[in-house]
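There are two complexes below, and they share chain A, which is joined by chain B in the first and by chain C in the second.
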Partner chain A sequence: MDWWRSFFRQESTHSRLIGVTALAALTLAITFVLPPVANSELAGGAAIAIVILGLSWLIGWSGQISLGNSGFMAVGAYAAGIWAHHHNTTPLVFTLALAIVAGGLSGLIIAIPSTRLRGPYLAGLTLAFAAAVTPIAQNFTSVTGGEGGIFLNSLVTPSWFGHLFSGANAVINANAQWTADLAVVVAAVSFFFMANLFHSRTGRAMRLVRDNDVAAELMGVDLLRTRSSAFMIAAAYAGLGGALYSLLEASVRPETFPLTLSITLLTLMVLGGIGTLSGAVIGGIIYSFSADLVAHVNSLTGVNPTSNLGANMQGIIFGVLLILTMMFAPRGLVSLRTPIQKLFRILRPRRQTPDLGELH
Partner chain B sequence: MTYSTSRPITLAFEHVSVRFGGLLALNDVSFEVAEQEIVGLIGPNGAGKTTAFNVACGFQRPTSGTVSFPELGKRGLHPAQLAKVGVARTLQGVGLFNHLSVLENVMAGAQSRPGGGLWSSVMGLPGGLRHERVLRDEAMGQLERLGVATFAEALPGGIPYGIAKKVSIARALMTRPTLLMLDEPASGLDEQELDAFIQLIIELRSTMSVLLVEHNMDFVMQVVNQLVVLNFGQVIARGTPSEISHNPDVLAAYLGLDE
Partner chain C sequence: MSAFLTSSLMHNIFGGLAQGVVYSLVALSLVIVWQSTHVLNFAQGAMAMFATYIGMTEIDRGIGYWWCVIISVAVGMIVGGLTERVLIRPLYGKPEINPIVVMVGFLGVLEALSAAIWTSSTRNIAEPFSQIFYHANGNLVYLSPFIIFQIILAICIMLLVAALFRFTRLGLQLRASALAPEVSRLLGIRVSRMLTIGWMLSAGVGAIAAVIQASGSFGLFPTNMDGIFVAGFIAAAVGGLESPIGAVAGGLLIGLAEQFILAYWSPNVAPLGGIIILVVALMIRPQGLFTKHAGRRV
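What follows is the complex of A and B.
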């Protein structure tokens, strides 16, 4: 029974690979039946899920907070966008790798002073960083395209994929599904690497520092290095997510990365559940459907979407969701799994387990 | 009264003083811990015992004097370097990682061993996984040695104090130390646990040096080879347990208080 147990605890790289691949394959299958609008939303959600996962790692595993993730997203997005704008034929993998490196480096630069700060000071510094990024992008017009941003057309649906579609809206359907499938694959790869990190020695070093830094130091853990590598990894994930998001949107613009996005990311992470892969998936799903949800609530309540109240509806809905989550599932929606599992256990008749003796 | 040994020296305090503002927490303290020796650091509350530990571990810089590890060829180590060179320390109280299982707490003791870096972690390379499995087995072995293996999956918050103390010692042993520093290891142990613990410490002497701070005099007198008595930051006596128990200065300053 050992292999079975270790599979579900994801103790081996193979089991993580199989788990992530299975989930990705299922999602890819679903994209075949989703309407194009939903596929586009799913693509955005997958990109955001990557960012949430990085944040979840930073907060849940290393015990540091960041209000700067919208800034790290912007760094990755602009790095990829500026490059792709000038070198349109670069393979996507390379462009995304550039975003990962740029995001990671910006994280490292913020981390060096940050790791000496705690709590509100750390939050303040990362917030200042995120606040600075958009004005910089708005002002360096020659490089960043200023307010209007940079137009990107590097996500071209390959013709073999387009051929799978026919009918009136073939092109629209093919494009929407291609972006969704691409985003799901990129997200799956990043989730796989994070799953590895969670179960590794580096993952443990993070939890040691988070729980008791004096004892962690006595175990030989270098606090500065551990904390800054946590930041670097979280920022690299944000950079990747930001770049992917912009490529999907076919443009990099300052308004995509407002400070409030950092707050939204935090909210989504808490909603899903801190420090878990499934929490980040749930956060991404909520993000995917948040625009629909907002429109739905606006029409149900008769609120004009362009009014002050309507424009802030997303914040209100997230706020209410956050309060409900805190009340009924304080460890995030992912913790609802346990009551559901219990329910299944009750429903399923208990089998008599034979005495396996040594095999246990 | 002085104490001398011909064995190599593991830890040496040479004229160490630590000043906190107007307070001299350690005043010209000199003593050594030799290879395979168990040294007890005793003295009334506020005498400077924990400060001495903190200086040895690099948490506190001495105002003057030096701390060195002659056998290891090191001096003035940073806390994060200790485990790697073979110095393990338990913290006063328990000092476990509250959100990690008992087993993982013990595995953490091997955190400084080579292998399983960032790249190998991210990629989930087989070497790193094998390394983790080896650590898991070894940590389980340490828990068994201390008789607390049944708590392997528990969280530190949910186990009795005496068990948690043992887990923290298992974690320190996982470092494979040359020098083991124990801050009040016997507090919270009952009589029976204490006897087993005395046996363990005596057994450890064959492979490492031990420096311990302890208030339980029955325990100290049974395990140590050498006692260093601190009072108001000064070493007022050094010697074997029987020498110390007959030292009039010590009786006046410390043991006398108990009688």
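What follows is the complex of A and C.
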């Protein structure tokens, strides 16, 4: 089991690269068997997983809370959307890079006052930011398209990819799978960068700042710079995720980024597990199939999905899950040990090593 | 005099004050909870909205407006007390992120549940006073009986809360347990009961704010307190979260600032008004404009 453990502890860049590539390859393989609807859902989930990862980094590693990630998503999405609307031949990589820069800049602007704040003040300030973004997008009609938003050309499936498909629904299948594969690849690249960041000098400094900022300062860590860079990175991830999500949807609209999206993001992050890569993956998967999940709960409980209760079931379930997870398993689903893992523990008792990545 | 009353300056001052008192009440309720348990209650607005729904929909059954207000406040206090006992009590001593996350979850549950029970469409509540503006010499004065009522009601509630904390035995016990829980416990105050009472008081004040907001022209809908909560939080943070007077002043400031930005600058940037004030205020004094002692707990 040793190779297994060292693999999942991601002790070297090499193992991280192999791990992320393996997971991405597995997901890409799965997209070949999924129906087109599930592939579209998966694409959205991959985009959201990127945002969750940024939030996870911010809360789990730097100890700063943000309720404004839906706002950063909107900034990235509008930057990419406005650019793509006027220059629709730009390569996707460039558009996404623009979203990363725009998201990061907005994060930096929020970070400047934020780094002097703690816990509740910070949460409130970021919430106020997220609440302000949607009305601004609705008001500046000439740039953002107002209520209706901006419509974009849908992503072009390359012809070599289209040739892989045949049959009646070849085009639909190819398009759905291409968007899913694209999103998975972008997510894999961002996960790889974050995995390295977790174990870098900055990552270690960040944990020290989170646990004891006085000690960190004594050791020569620049608190202001460390805290604001954490914010900037989280916002850049949100910007990238938001842009990717909007490009997949082929439109940027204010109603994609309501305040409740911040709550959903927080729920998914807490559910998966704060400050872990696998937690963000789990969060993304739950997001992808949350509609199916809710429909399943509705049919199990016999609630009419078109009734008021059925339409609001998702909000109720997510809220209850967030409360229950935070109260009874604050480290999320990744912390729940399966019976098989417990069995291995009993068979091979190991020396307990302190896990620094743990949220205290 | 009448020319002065109908001027656009007074128009904006009245409008700003009318919205500002609602922000002040929300800020005040946030400060009460913050002082008693050091939790920033992100579900404050939603709890108040929920209580208002339960109380004010009783109007449909022919119960008078004032009885409905009383029911709303009572329901709000019960919800507040239960929330402290069930959701917040297990989290004392945990990292400060935990109660924030739990209350954000509670906010989501309450809004979804309200939309499920009462639908998300706007419900108008028969206001107790006319919303028709007064006239002076044929010109409009931005004051209606309802606006006067809402300002006076808010001021009465603030004075009541101030009197409770200042002059009653309960108020003294509440202040003591917020300031020094250990010593208070040794002196025989039931500190845990005081924490619950603090939450109940706060939720009651919040319910009044929601009743005023819902009775006005915006009506009642499940997310109607979202924006009010954000403004109320900004007001409380500008005042410093520790100071009830700061919270009230902050609320009036935010209300007036929003109105003036709307009138004299651009409606497009009005949503940013509060956040600009917050950032500027926090840059000048990170601990809030009205707190006496600087420094934070490490």
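Just so it is clear, the second predicted complex is superposed on the first by the 313 of 360 C-alpha atoms of A that agree within 3 Å, B and C clash if a C-alpha of one lies under 4 Å from a C-alpha of the other, contacts with A are read in each partner's own complex, and residues count from 1 in each chain.
In the analysis below, a contact is a pair of C-beta atoms (placed from the backbone, for glycine too) under 8 Å apart; a residue touches a chain by one contact, two chains touch by 3 or more.
As the structure is a computational prediction, the values presented were derived from the model and not from experiment.
Trainee: Output check: A:I59 vs chain B and chain C. Expected answer is one of first, second, both, neither. What do you get?
Mentor: In the superposition, A:I59 touches chain C alone.
Trainee: Quick check for you: in the superposed arrangement, does A:P305 touch first (chain B), second (chain C), both or neither?
Mentor: In the superposition, A:P305 touches no partner, neither chain B nor chain C.
Trainee: So, does A:V320 touch the first partner chain B, the second partner chain C, both, or neither?
Mentor: A:V320 contacts chain C only, not chain B.
Trainee: Report for A:S229: first if it touches chain B alone, second if chain C alone, otherwise both or neither.
Mentor: First partner only, chain B.
Trainee: Contacts for A:S12 in the overlay, against chain B (first) and chain C (second): which applies, first, second, both or neither?
Mentor: Only chain B; A:S12 stays clear of chain C.
Trainee: When both complexes are superposed, which of chain B and chain C contacts more residues belonging to chain A?
Mentor: C
Trainee: Going by the contact rule set out at the top, does A:P120 touch chain B (first), chain C (second), both, or neither?
Mentor: It touches chain C, and chain B stays clear.
Trainee: Quick check on the superposed pair: does A:P35 touch chain B, chain C, both, or neither? Answer first, second, both or neither.
Mentor: Neither chain B nor chain C is touched by A:P35.
Trainee: Just checking: does A:A132 make contact with chain B only, chain C only, both, or neither of them? Give me first, second, both or neither.
Mentor: second
Trainee: Tell me which partner A:V214 touches in the superposition: chain B (first), chain C (second), both or neither.
Mentor: both
Trainee: Starting from the residues of chain A touching chain B, keep only those that also touch chain C in the other complex, and list them.
Mentor: 214.
Trainee: Name, in rising order, each residue of chain B that touches chain A in their complex.
Mentor: Those residues of chain B that touch chain A are 57, 59, 79-84, 88-89, 91, 95-100, 104, 107-109, 111-112, 115-118, 120-126, 128-129, 131-132, 171, 175.
Trainee: Which residues of chain A touch chain B in the complex?
Mentor: Going by the criterion above, the answer is residues 11-13, 16, 193, 195-197, 199-205, 207-208, 210-212, 214-223, 229.
Trainee: Name, in rising order, each residue of chain A that touches chain C in their complex.
Mentor: Result: residues 59, 63, 65, 67, 113, 116-121, 123-125, 127-129, 131-132, 135-136, 139-140, 213-214, 259-260, 263, 266-267, 270, 308-309, 311-316, 318-323, 326-327, 330, 359-360 of chain A touch chain C.
Trainee: Enumerate the contact residues on chain C facing chain A in the complex.
Mentor: My answer: residues 34, 39-40, 42, 87, 90-91, 94-98, 100-102, 104-113, 115-117, 119, 226-227, 230, 233-234, 237, 241, 267-272, 274-275, 278-279, 282-283, 286, 296, 298.
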